[in-house]
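First the structure, which I've put down as structure tokens, then a few questions once you've had a look.
Labels A, B, C and D are assigned to the chains in the order they are written; within every chain, residues are numbered from 1.
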Amino acid sequence: MASVLGWASAALVLVGAFFFLAGTVGLLRFPDVYNRLHALTKADNVGLGFVVLGLILQAGSLLSAFKILLIWLLVLASGATAAHLVATAALRGGIKPWKHR
Amino acid sequence: MLSLFFDAVLALALPLLAWRVLTTRDLYRAVILFIAFGLLVALSWARLDAPDIALAEAAIGAGLTGALFLNTVGGLVGRKRSPSRESDESREVAERREAIQSSPGEPVDEVMRPWWVRLALTVPILALGLALGWAVVSFPEPAIDLAQQASDNLEASGVDHGVTAVLLNFRSYDTLLEIGVLLLAVVAVWSLDLGRVRGGQAALSKGLPVLHGLVRLLTPIMIIVGGYLLWAGAKQPGGAFQAGAVLGALGVLLVLSGLVRPPLSDGSGLRIGLAVGFAVFLGIGTAVMLATGELLNYPPASTYGLIIIIELFLTVSIALTLAALFVTAPPRKEQGSKEHSEEKGEES
Amino acid sequence: MPELYLGVATFLLLNIMVGLIRILRGPTPPDRMLTAQLFGTTGVAILLLLASALSLPALTDVALVLALLGAVATVAFVLRAWHKPDLDGEEE
Amino acid sequence: MGLIGSNWLVVPIVLPLATATLAMLVGRRSAPYLGLLTASGILLSVAAIGLTVLEEGTIRYQLGGWEAPLGINLYADGLAVFMLLMTAIVGAAVSAYAVGYFTSRQDESGRVAGDSGDRSGSFWVLWMFLWASLNGLFLSADAFNLYVTLEIMGLSAAGLVTLERRQSALSSGMRYLFVTLLGSLAYLMGVALLYGALGALDLATLGELMYPGAATWSALALITLGMALKTGLFPLHFWMPAAYSNAISPASALLAGLVGKASFYLLLRLWFDVFDGGLGPGPGQVLGLLGAAAIVWGAVMAVRQRRLKRLLAYSSVSQIGYLFVLFSLATTASWGFDAWSGGVYHAFSHACAKAAMFMSAGAIVRSVGHDDLDRMQGVGQQMPLAVAGFALGGVTLMGLPPTGGFTAKWLLVSASLESGQWWIAVVLLAGGVLAALYVLRFLNPALIQVKVGPVARPATQNLEVTAFVLAFGSFFLALLSAPLLALLRIGTPFASVLLVGTP
């Protein structure tokens, strides 16, 4: 049982790491700020989400599991808000969205 | 092995990042690099097994300092907009700035550094670096182990966490004076009379409701976390500084989002709040002289209680100090509408 | 398990290093700011992994503080630092 | 010693701290009274500490009840009390001066300031913090605690410079802040190295464990560099003229009189108590050479100035040189104590004289509305007391008897002759001649009789009187040499010399 949990946890953490990688690649490769925001939120929501899930499986106590979950929810809320604010500001600041030609 | 690799990446990244922060001429870029630098420093403290400092660095280095710098850069841009036509030289500087700028509104460091200045600075700094490295490598085994002495006396310190014991008992005099530095910092900033220097104006008109929603969500959580850190400080990493930093960040958020009017409503209230931590610390430190005969020598029976009382008030003052440094202007006696209209007048 | 967590933490740290390119290149201030935002999230993940790998529960608190304050710099950037060039470019 | 006896030691630190907090809360009306009350309290406590030290020897005080390496100690020996006394006298005079300075609603150049009340409130908070940090620095026996006092000192001093709301004051205040932060950071790095190598922060413990090695040599270099920068030793004096001349005059008096002396004291304390006389003769010679260069360079630059306050600032560059000369003279040879006490005595007499001169200059500038040396004709007629105060301070700088400057120079010159370094004596005497030249740069035009009609000038009597009284005190400081030198003997690092040589 413990080893199954361990494997699951390892897999989840690795999936999370993959999404962080995807976020970083997107950040570097995407053409404008709005597209990059999209990549960024993948890392925020999904990447950290999977890492947190993996760690919760290994968490020693209910309290620490709850704390880790709370951290993820916080990042989710502030990440979404920050992305929204940056996008709005960029739009107001006159940065034109990229269009594929 | 792996941990060694992690540390190696950190050790390489820190000087590289520091160098980029210092040599970057675009101020936005420098500030954002500095935020990243603060994050890596927090990670380093975590690796060095110093979670107390990692906590403080995460709150102040990666969070609040970045916000303060961004506010300042915004203020600089606002300043630069207005007259730069005093002389030909400044126009030249302005033109060069235009040329360097990659995007409108980006402030650029204008100081030109000739090569010989760089050389003259590089040589002694390199020498200093080498001397420091040599010195650290040649450290002997110290004759005295203060850490051991501190943990030997932990029992008598009234708390169970070594860092807190050092800060509020063994070396409480240092901490008392450092709290004085915080109070002094606010007075010094007020003496600059920066009342009318504000950061740039909001770059968004829509989207504020979302921000307000976030702030309303974060407010209770930050208060709880601040209280948790304060309470935890007696036996694990945490304490007044970390709790104060979290609550100070809350104050900054409230000020920024406009949910609290900048010069926190009442001048004398703010002054009392800023001074209360220092005053209580000094008062208790002096009062215990009557019982034990020495400054800051708490009576054994009430040590824990006194430390907790001091920390509670310190948290309030530290939080207010951080928020007040963000607002910069001293509170005015005649408040409210006038202040607000002044601000409006500047913006239009 | 600690080795795996440590490995993933190192991988995430390398991610940050690569991401620095975006801060250096920009081209616009919002690009740089959102990269810093990503770094904050990555830092939270690294700290959580380290807390588990090194059995230092205090690092979870560090991650919590980082998560709480992650948005402060971004909010300051949007509200105080970045100007609307089209609106205040020609004042006075 | 009774309970009260040893607790006198914390009064000069705790009292101004409490006043600073109160001054922040009460209105600007009562802050000056609080300040004067504190000044008298500090004078009283310093007198009590001085008497105790004279009678019973050095005092060690355990803060928080913890013993030395773990906790922080305060330590009062003759040198510490000497510096406390200097600070108390100059501080009390500047406090009295500031009461008069801030009651009129005008700034330095005679313009009516809109909110001098706010400035007055900030002044008292900053000055009380500064005073507490100075006293704390002189009494501290802990390397890290010294850093904390340096931090308070630098921040409050920078705040005082920027109280004058002109662009020039703001920029020189910011530069001063950066310089002082840089100096403190260098010091902190040195302390970190000492802690890493020796494992302690208590000065006495560090002194016992001291050994010549990579870490201690680097620490010595960093600490010396930082403190030389903060004191303004040539060629690290670049920030001084602007900071001293652009600040409001009470702040200039405090900076030139006291703040520079504190970093010098710190260097002196560590150099002889911890680093064993500089870990060899070489480093002291370097400092002595720089000091000699400073004496000449500062004086020559002072002669060439066209503005009164800049002249005084460059004079400080020169006078600081005298302090550093002692490092090349004070050895364990028989003249060691003479050189050491001569330098320290010079710190005292210069603090009083230069503070008094800046105070006189402030009164003059406020009255005539400028500090242009070429337009000072007839000032002597209108403000005899201020000019007299300036002249008395000037005589101290020249080192003529019976001033404190004379005692100091006598001790230094005799030490340099005894040690065979006669060239130092030449520089010291040349510095005195140059001082006469630059003092006359002001006195010459000021004492010219001119015909002027009655002009409405702001009342500056308070300022003139306080400046004159302080200058008068410094003028007769040589008469107090015997008790003051007796005080300096208590706990001096040159005790062994004293036993051998003639007192």
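In the analysis below, a contact is a pair of C-beta atoms (placed from the backbone, for glycine too) under 8 Å apart; a residue touches a chain by one contact, two chains touch by 3 or more.
Note that the structure is a prediction, hence the values are computed from the model and not measured.
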Most widely separated chain from subunit A, with each centre as the mean of CA atoms: D
Per-chain Cα centre nearest the global Cα centre, belonging to chain: B
Whole-Å gap between the CA centroids of subunit B and subunit C: 18
Centroid spacing, where centroids are CA-atom means, of subunit B and subunit D in whole angstrom: 31
Rounded Å distance, subunit A centre to subunit D centre (Cα mean): 58
Averaged-CA centre spacing for the pair subunit C and subunit A, given as whole angstrom: 11
Residues of subunit A touching at least two other chains: 70, 74, 78, 81, 85, 88-89, 92-94
Of all residues in subunit B, the ones touching two or more other chains: 104-105, 203-204, 211, 214, 218, 221
Chain contact topology (line, ring, star, complete or other): other
Chain-chain contacts as defined at top: A-B, A-C, B-C, B-D
Residues of subunit B touching subunit D in the complex: 128, 131-132, 134-140, 142-146, 149-150, 153, 169-174, 177-178, 180-181, 183-185, 187-188, 190-193, 268, 271-272, 274-275, 278-279, 282, 285-286, 289, 292-298, 330
Parts of subunit A lying in touch with subunit C, wherever the complex brings them together: 6, 9-10, 13-14, 16-17, 20-21, 23-24, 27-28, 33, 36-37, 40, 43-44, 47-48, 51-52, 55, 58, 64, 67-68, 70-71, 74-75, 78-79, 81-83, 85-86, 88-90, 92-95
Contacting residues of subunit C [partner subunit B, same complex]: 3, 6-7, 9-10, 13-14, 16-17, 20, 23-24, 26-29, 32-33, 35-36, 39-40, 43, 46-47, 50, 56, 58-59, 61-62, 64-66, 68-73, 75-85, 88-89, 91-92
Residues of subunit C defined as touching subunit A within the complex: 1, 4-5, 8, 11-12, 15, 18-19, 21-22, 28, 30-31, 33-35, 37-38, 41-42, 44-45, 48-49, 52, 57, 60, 63-64, 67-68, 70-71, 74-75, 77-78, 82-86
Residues of subunit B defined as touching subunit A within the complex: 104-105, 203-207, 210-211, 213-214, 217-218, 221
